[in-house]
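Worksheet: one structure, shown below.
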Amino acid sequence: MQPIPWQDKPQNCNDVMWRNAANPIIDRYAIPTSNSIFNSAVVPFEDGFAGVFRCDNKAVQMNIFAGFSKDGVHWDINHEPISFLAGNTEMIDSDYKYDPRVTFIEDRYWITWCNGYHGPTIGIGYTFDFKEFFQCENAFLPFNRNGVLFPEKINGKYAMLSRPSDNGHTPFGDIYISYSPDMKYWGEHRCVMKVAPFTDSAWQCTKIGAGPIPIAIDEGWLMFYHGVINTCNGFRYAMGAAILDKENPDKVLYRSQPYLLGPAAPYELAGDVPNVVFPCAALHDAKEDKVTVYYGAADTVVAMAHGKLSEVIDFIKTNSL
Amino acid sequence: MQPIPWQDKPQNCNDVMWRNAANPIIDRYAIPTSNSIFNSAVVPFEDGFAGVFRCDNKAVQMNIFAGFSKDGVHWDINHEPISFLAGNTEMIDSDYKYDPRVTFIEDRYWITWCNGYHGPTIGIGYTFDFKEFFQCENAFLPFNRNGVLFPEKINGKYAMLSRPSDNGHTPFGDIYISYSPDMKYWGEHRCVMKVAPFTDSAWQCTKIGAGPIPIAIDEGWLMFYHGVINTCNGFRYAMGAAILDKENPDKVLYRSQPYLLGPAAPYELAGDVPNVVFPCAALHDAKEDKVTVYYGAADTVVAMAHGKLSEVIDFIKTNSL
Amino acid sequence: MQPIPWQDKPQNCNDVMWRNAANPIIDRYAIPTSNSIFNSAVVPFEDGFAGVFRCDNKAVQMNIFAGFSKDGVHWDINHEPISFLAGNTEMIDSDYKYDPRVTFIEDRYWITWCNGYHGPTIGIGYTFDFKEFFQCENAFLPFNRNGVLFPEKINGKYAMLSRPSDNGHTPFGDIYISYSPDMKYWGEHRCVMKVAPFTDSAWQCTKIGAGPIPIAIDEGWLMFYHGVINTCNGFRYAMGAAILDKENPDKVLYRSQPYLLGPAAPYELAGDVPNVVFPCAALHDAKEDKVTVYYGAADTVVAMAHGKLSEVIDFIKTNSL
Amino acid sequence: MQPIPWQDKPQNCNDVMWRNAANPIIDRYAIPTSNSIFNSAVVPFEDGFAGVFRCDNKAVQMNIFAGFSKDGVHWDINHEPISFLAGNTEMIDSDYKYDPRVTFIEDRYWITWCNGYHGPTIGIGYTFDFKEFFQCENAFLPFNRNGVLFPEKINGKYAMLSRPSDNGHTPFGDIYISYSPDMKYWGEHRCVMKVAPFTDSAWQCTKIGAGPIPIAIDEGWLMFYHGVINTCNGFRYAMGAAILDKENPDKVLYRSQPYLLGPAAPYELAGDVPNVVFPCAALHDAKEDKVTVYYGAADTVVAMAHGKLSEVIDFIKTNSL
Amino acid sequence: MQPIPWQDKPQNCNDVMWRNAANPIIDRYAIPTSNSIFNSAVVPFEDGFAGVFRCDNKAVQMNIFAGFSKDGVHWDINHEPISFLAGNTEMIDSDYKYDPRVTFIEDRYWITWCNGYHGPTIGIGYTFDFKEFFQCENAFLPFNRNGVLFPEKINGKYAMLSRPSDNGHTPFGDIYISYSPDMKYWGEHRCVMKVAPFTDSAWQCTKIGAGPIPIAIDEGWLMFYHGVINTCNGFRYAMGAAILDKENPDKVLYRSQPYLLGPAAPYELAGDVPNVVFPCAALHDAKEDKVTVYYGAADTVVAMAHGKLSEVIDFIKTNSL
Amino acid sequence: MQPIPWQDKPQNCNDVMWRNAANPIIDRYAIPTSNSIFNSAVVPFEDGFAGVFRCDNKAVQMNIFAGFSKDGVHWDINHEPISFLAGNTEMIDSDYKYDPRVTFIEDRYWITWCNGYHGPTIGIGYTFDFKEFFQCENAFLPFNRNGVLFPEKINGKYAMLSRPSDNGHTPFGDIYISYSPDMKYWGEHRCVMKVAPFTDSAWQCTKIGAGPIPIAIDEGWLMFYHGVINTCNGFRYAMGAAILDKENPDKVLYRSQPYLLGPAAPYELAGDVPNVVFPCAALHDAKEDKVTVYYGAADTVVAMAHGKLSEVIDFIKTNSL
C-alpha cells in the first residue's frame, strides 16, 4: 500500500492540524467541463488511491466523477461522470449528485452522496473496481444531506450518519444515525449530536454534519465533521472532530469545542461560496500516527490538511465541549 | 358490527359530500383538561367504535387519548393520555404526539402519529384492545408528518404514506410512500403525489398530506387528503381525494381538481387556527355505499362529513386533475 | 334608467357610509361551481345593470363571469366564465383573471382585470353587449394589480390607475396613473398617491389600490380605494376615498384620513381571507345625491355600502390627510 | 369604596376563571371616533372607578383616553384623548400611545403606556385627579412594550416590569424588571421570566408580557400576564399568572403551566386581530376573595373575567411550570 | 473607425471567451469622487469611443457619467454626472441612475438606464454628441431593471428588453420585450426568456437580465445576458448568451446552457459585492470576427472579455439549453 | 506622554484619511487561542498605551482582553481574558463580551462593551490600572450594542451613546444618547442621529452606530461612527464622522455625506465577515493636528487609519449631509 499523502507540521505552527503547502491540490478547472471541484472522497485503491469527485460543470450541474492517483495529491479525474447500473433495485431518478463519501466494507466500495430525488436525500451505490458502478435504493425520504457510512457493520448492521435538512439553504442541522440489515431498509434512527449553544462554541451553533468516514480508534470512532455559524454576511463552515462510542455510536464521548480548521487561507476565503472548509474524506496511517483530511474549500477547490492522529485525539479529549 | 354514523344529504345540497348537522360532534372542552380536540382517528371496534384522539391540554401540550363510542357520534374519551409500553424496541423519546391514524392489519390495530423526536417524525404503535398500547421504532428520521398506513400489506410489505416536512410551519409538502418488511426498517421511498400548479388547483398548491387510512375500492385505493393554499392571511386547509393504483400505489390514477370540502362553516372559519378542514379517519360501508369522514375543524373540534361512496369515486374520476 | 340600489341610513348610525341590511347580497355558492364570489364590478346596462364577477371555482381557479340584474341587488350570474375573442391583438395567454372593473367610454364597455401573464398584470377587454367580449393587449408588464380606467379620456388620452406589485402577497403598493392614445401603448406614468405614514393613518400604511371607476364630481374625481395595514395576524383591508384633480389626476386634492368602511360585520371578519373590505365598483346618482359601493367581503362574498354623495365628499374634505 | 364588578361562576363551569356574561362590556364604537377600544386600565377612584382606555380612532391612530364609571362595567369615556403637561422633564415627542396601565403609589396615580418615540418604548405619566395629566421621561430606550409598575416601592425604589421588543411584530419577548430611585433614571435590570419551552407550555412559548399591576398577596406578588404561541395562521394570545417573590420580584415562585383564559368566545376569535386575550388591569377584593381582570379581546373590545382570588392562587401553585 | 479593443486568446485557454490581461481596465477610484465604477456602456464614437459610466460616489449615490476613449481601454470619464435637458416630456424626477446601456438608432445615441422614480424603472434619454443629453418619459411603471434597446426598429417599432423586478434585492427575474411606436408609449409586452430549471442550468436559475445591446448576426440577435444563482452566501452573477429570432425576438432560438464567463478572477471574487460578472456593453467587428464585452466586476470595477464572434455563436448553438 | 502612532499621507492620495502601510497591525492569531482580534479600544496609559481587545477564540467565544504597547502599533495582549470583580453591584451574568470602548473620566478608566445578558446589552466596568477590573450594572435592558461614553460629564451627568438593536443580525439601528447621575441608573434618552435616506447617502442607510469615544473639539464633539448598507450579498460597514453640539450632544451640527473610509483593502474585503470597516477607538493629538483611528477589518484583524484633525473636521463641515 502506498503511504498516505503527507507534509510535516510547519515550523512556528502551534495548531493541531495544518494545511498542505500545495493547496489547493485540485484546481476548479482540472477537467475541461468543470466550474469547480470540491467536497470529494478518496480511498486507498490497488497500489494507490481512487476517489469520487464532485465536479460541478459550467452549467453548474452537480455530478460525481471517478478519479485515480498514485500519491493522493496528483489526480486523474475522468472527464465523464459516473454512470450507474441498477443495484439492489430498478434504476431510480437522480436529478443531481453531490458531496460523495466512499468506504470499503466487506467486499466492495460503498459510495453515498446527496442525491436529487424530489429534493436532496442520501443516494447509495457500490463498485468493486471504480469502473462499474451500481446504484441502490435511497436510504431515506427527502430531505437529507451528508450521509456517511461507518466502515464496518455495527452490531451486525450497516450504520449511517446523516443530517436531516429542508429543501433550501437549510439553516439548521444535527447529526443522526440509522441502521440497516441489508442496505435497503433503514430504521432505528437516533440523534447523535446537536448544534452547540452559541455561547459555548459558536462556530458549530447553526448546523453540523458528518464529514469523512469515521475512523476506528481505541477510544471509539473518530468523526471529523463540519460546523456552521450564520454571520451577518452568510454561513461560515469550519471543521471539528468528535469521538463516538464504539458499540453505541449515538453516544458522544468527546467533541471539540474549538474548531480544528477554519477558513483563513485565500482559497478558503474567496470562491463560489466564501468561507467554507468542508471535509469529506480522510486517509490515516495508525502506525505512522498520521491523518490527512481532504476538504472542499470555498465550494470551489479541493485542499488537504494534516495532523498527528494521537495529537488530534488528545486535542479533542482535552478541549471537549 | 354497528352501522357507521350517517346523515342523508340535505335537500338543495348539490355537493358530493356534506356536513353532519350535529357538527362539531366533539367539543373543544370535551374532557376536563382539553383546550381542543381535533385531527383524530376512529375504527370499528367490538360492537361499536374505538378511536385515538388528539387532545391538546390547556398548557397546549399535544397528546393522544383513547376513546370509545357505540354510534361513532357520541364519544367517551379517556381523561388520561395513552401510556405506551415498549414494542419492537426499547422505549424511545417522545416529546409530544399528535394527528393519529389507526388501522387494523392482520391481528392488531396499528397507530401512527406525528411523534416529537428532536422535531416531528412518524411514530408507530399498536394495540390489541385499546387498553394496552405498545410503541415501536419511529418510521423515519425527522422531519415528517402525516404518516398513514395502508390497511393491508402490499406485495408482502407494510406500506406507509407520509409527508416530509421541515421543523416549523412547513410551507411545502408532497406525499411519499415507503415500504417495510417488518414495521421496523423502511425503504423503497417513492414520490406519490405533489402539490398542484397554482393555476390548475390552487387549494392544493402549497402542501398536501394524506388523511384517513386509504380505502380499498375496485379502482384501487381511495385516498382522502388535505391540501393547503397560502393566502395573504395564512394557510387554508381543504379536503380532496385521489385514487391510487392497487398494486403500485405510487401511481395516481385520478385526483380531484376541486376540493370535496372546504372551510365554510362557522366552526371551520374560527377557532385556534382559522380555516382548517383536516381529515384523519373514514368509516365506510361498501354495501350501503356510504363513507363518513372525521375531520378536525379549525384545529379546535372534531366534525363529520358524509358522502355516497360511488358518487365520491365518480366525482374524482370525472373531475380529475 | 333604473334607480341605483339603495337603503337609507339606519337610525342611530353616525357614519358617513353604511352597510346594506341584506348583505352579503351575493353568496359564495351563488353559482354551482363557485367557491367564492367577490371583488366584482357592475354598471348600468339597458334597463337594469350588468356586471363582471370574480368567481373562484372549487378548484380555486380565478375567472370572471358576466351577470345581469334588474335592481342591482339580485343577480343572475352566468355559469360559464367569459370567453374572449381577439381584440386589438392576437389572443394572448391568460392563466387566470380576477378583480374586474368595468366602465363605459365612448361606444363600449371597457373591462380591466388582474390578468395572469407570467404573473399578475392588467388585462384589458371590451364588450358592446355583455355577450361578446374582446381581449386587448395587456396594459403593462407584470407585476401589477388593480388597474382602473377613468370613465372618459383625459386630455385626449385614455387614463388608467394601477398598483405596481410583486409576484406574491405584495407587502407594499402605491397608486400610479398611466396614459394611452389608443388602449394599446401606455406611457407618461406618474405616481398619484402613496401609502400614509403609520402615525398619520395606519389603516392605509402598508399598501393602497384604486377601487371603483373614479366618479366625476365638481371638485374633480372621486376615487374610492382600499388601504391595508399589516397586523400581527395578517393584512386588514378597509375602504377610503380621495379626490383627484380633474385635469391632472396625479394631483391629490383631498384624501380621507379615517377609513369610510372597515371590516366589522361577521361576513367581513370571517371567510377565506378574514378582515377584508375591498371595493371594486360604485353606482351613483348625482341628482339623488346617492352613491352605492359594491365590495368584496373576506374574499368570499359581495356586499354593498351606501352613502350620500355630498356627505362623502364633505367628509373627505373635512377629514383630509 | 364601591364593590368591584363581579359575577358568580356559572354552573357547570369548572374553570378557575370565567367570563362576564355581558362581555364585551365596552364596544368598539363606544365613542364617536373609535375604531376599537381594548387593552385598557382601571383603578378604584373616588366613589367608583377611573380608567385609561386605549381607543384607536378610525384613522387607526392609537391614543389613550380617560374614563369614569360608578360600577366598573358601564363607562363614560372622554371623547378627547388625554392631553399631557410637562412632568419631570420638558415635553418629549410621542408619536402614539397604547396599552396603558395605571396604579396609585404614595400620592398619585401613575400611568405607563407604550409610547411612540422613534419606535415603541415605555412612557410614564401621572395624575392626581384624572383631569390634569403630566408626562415624564420615558423609562427606557426603544424598543419596549408592556411596562407595568409595581403598586408600591420595593426596597425603597420604584420597580417596573417590561418586555424588551423590536420595532415590528416582535416574535420574541421575555419579562424583565428595572428599578428607579426617582421615576427618571432606571437601572438594575434583571430578567424575571422567559418564554416556556414548547413542549412544556406551548401557549406561552413565543413571547410573554406582564399584564395588570401586580397584586400583593401573602405568597408574594400575583402577576397576571399574557403568553403567545405562533400558529401557522398567526399569534394567539392567552392569559396566565405567576407569583413573584415579595422582596426579590425577579424570583419566580410559581407560574401557571396551563393558561387561565384562552381565546374561545366569539368576540375573542374574530375582530381586528383574531385570537387575542390581553389582560391590562385587575380589581381585587381580598376580603371578598374576588379578582376581576379587564382584558382586550381580539384587539377590538374590552371584556372582563372573574375568579376567586384564593382559587386562582391555589391553581397557580398546584399547576406550576 | 477605430479597431475595437482586443487581445488574442491566451495559450492553454480552452474557453470560448477570455479576460483581458489588463483587467480591471477602469479602477474604482478612477475619478476623484468615485467609490466604484462598473456596469457601464460604450459605443463607437467619432474616431474612437464614447461611453456612459455608472460611477457611485463615496456617499454611495448612483449616477451616470459620460466618458471618452481613443482605444476603448483607456478612458477619460467626466468628473460631473450627466445633466439632462427635457426630451419628449417635461423633466421628471430621477432619484438615482445606474446600469446604463447605449446604442445608436437612426440619428442619435439612445441611452437607457435604471432610473429612480419611486423605485427602480427604465429611464430613456438621447444625445447626438455626448455633450448635450435629453431625458424622455420612463418606459415603464416601477419596478423594472435592465432595460436594453435593440439597435434598430423591428417591424417599424422600437423594441426594448427589460426585467420586471420588485423594490428590493429582487430574488426573481425574467426577460421581457416591449414595443413602442414613438419611444413614449410602450406595449405589446411579451415574455422572452425565463430562468432555467435548477437541474438544467443552475447558474441562471434565480434571475436573468439582458446585458449589452443585442448584436445583429445571420442567425438572428446575439444577446449576452447575466444569470444569477442564489448560493447560501448570496447571489452569484455570471454571463451567458442567447440567439433570438430576427423578426420575432420573443422567440429564443438558442441559449447557452453553460455560462460563458463566471466570477473567478480576484477582482470578480472580492469587492463591494463579491462574485459578480455583469455585462453591459459589447463592441464587435464582424469582419475581424471579434467581440469584446465590457462587464462590471464585483460591483466595483470595469473589465473586458474577448471572443471570436463565430466561436461564441457556435458555442451557443452546440451547447443550447 | 508618547506620541500617537502615525504615518504621513501617501503621495498621490487625495483622501482625507488613509490606511497605515503596516495594516493589519494585529493579526487574527496574535494570541495562541484567538480565531480573530478586531473591534478593539486603546487609550494613552502611563508612558505608552493600554487597550481592551476583542479576541474571539477558536470556539468562537467572544471575550475582551487587556493589552499594552509602547508605540500603539506593537501590542502585547494578555492570553487570558479580563476577569472582573464586583463594581457598583453584585456580579451579574455575562454570557459573552465584545466590541469594547475605553475612556478616562475623572479618576479611572471606564470600559463599555456589548455584554451578553439574555441577549446583547451594554456592559460597564472600570479599572485604575488595567490589572484589576470592576464590573458595574448594565446600562440598559437588552437589546443594545455600541455603547460609547463621552470622555467627560455633560451638564453634570455621565453621557452614553448607544444603538438599540434586536436579538439577531439587526437590520436597523440609530444612535441615541442617555444620561446617568451615577453610572448606575440611566434616563433622559434622546435620539441623536438616524440612518440616512438611501438616495442621500446609501452607505449609512441601513444602520449606524457610534465608534470611538467622541473627541472634544472647538466645534463640539467629533464622533466617528460606522454606517451600513445592505447589499444583495450582505452588510457592508464603512466609517463616517459627525460633529455634535458640545452642550446638547443630541443635536447634530454636521455629518459626513461621503464615508471617510470604506472597505477596499484585501484585509477588509475578505475575512470572517467580508467588507467591514468598524472603528472602535481613536487617539488624537490636537497640537500635532493628528488623529489615528483603530478599526476592526472584516471582523478578523485590527487596522489603523490616519488623518489630519483639521482636515477631517473641515471635510465633515463641507460635505455635510
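Details
Labels A, B, C, D, E and F are assigned to the chains in the order they are written; within every chain, residues are numbered from 1.
The working rule: a contact is a pair of C-beta atoms (placed from the backbone, for glycine too) under 8 Å apart; a residue touches a chain by one contact, two chains touch by 3 or more.
Quick caveat, the model's predicted, so the values are computed rather than measured.
Think of each touching pair as a link: the shortest run of links from chain D to chain E has 2 of them.
As for how the two copies chain A and chain F face one another, under half of their interface residue numbers coincide.
Among the other chains, E has the CA centre that is most remote from the centre of chain D.
Farthest chain from chain C, judged by C-alpha centroids: A. With each centre defined as the average position of its C-alpha atoms, the distance from chain A to chain E rounds to 41 Å.
If you average the Cα atoms of chain A and of chain C, the two centres end up 58 Å apart. Looking at chain A, one finds that residues 233-234, 270, 274-275 touch two or more other chains. Annotation, chain-chain contacts: A-B, A-E, A-F, B-C, B-D, C-D, C-E, D-F, E-F (touch as defined at the top).
Those residues of chain C that touch chain D in the complex are listed here as 14, 199-203, 229-234, 236, 257-259, 262-264, 266, 269-270, 274-275. For chain B in complex with chain D, the touching residues are 28, 32-33, 35, 57-62, 95-96, 116, 169, 233-235, 270-275, 299. If you check the complex, the residues on chain E that touch chain C are 89, 117-119, 121, 137-144, 162, 164, 166-167, 172, 174, 176, 178-181, 184-189, 191, 194.
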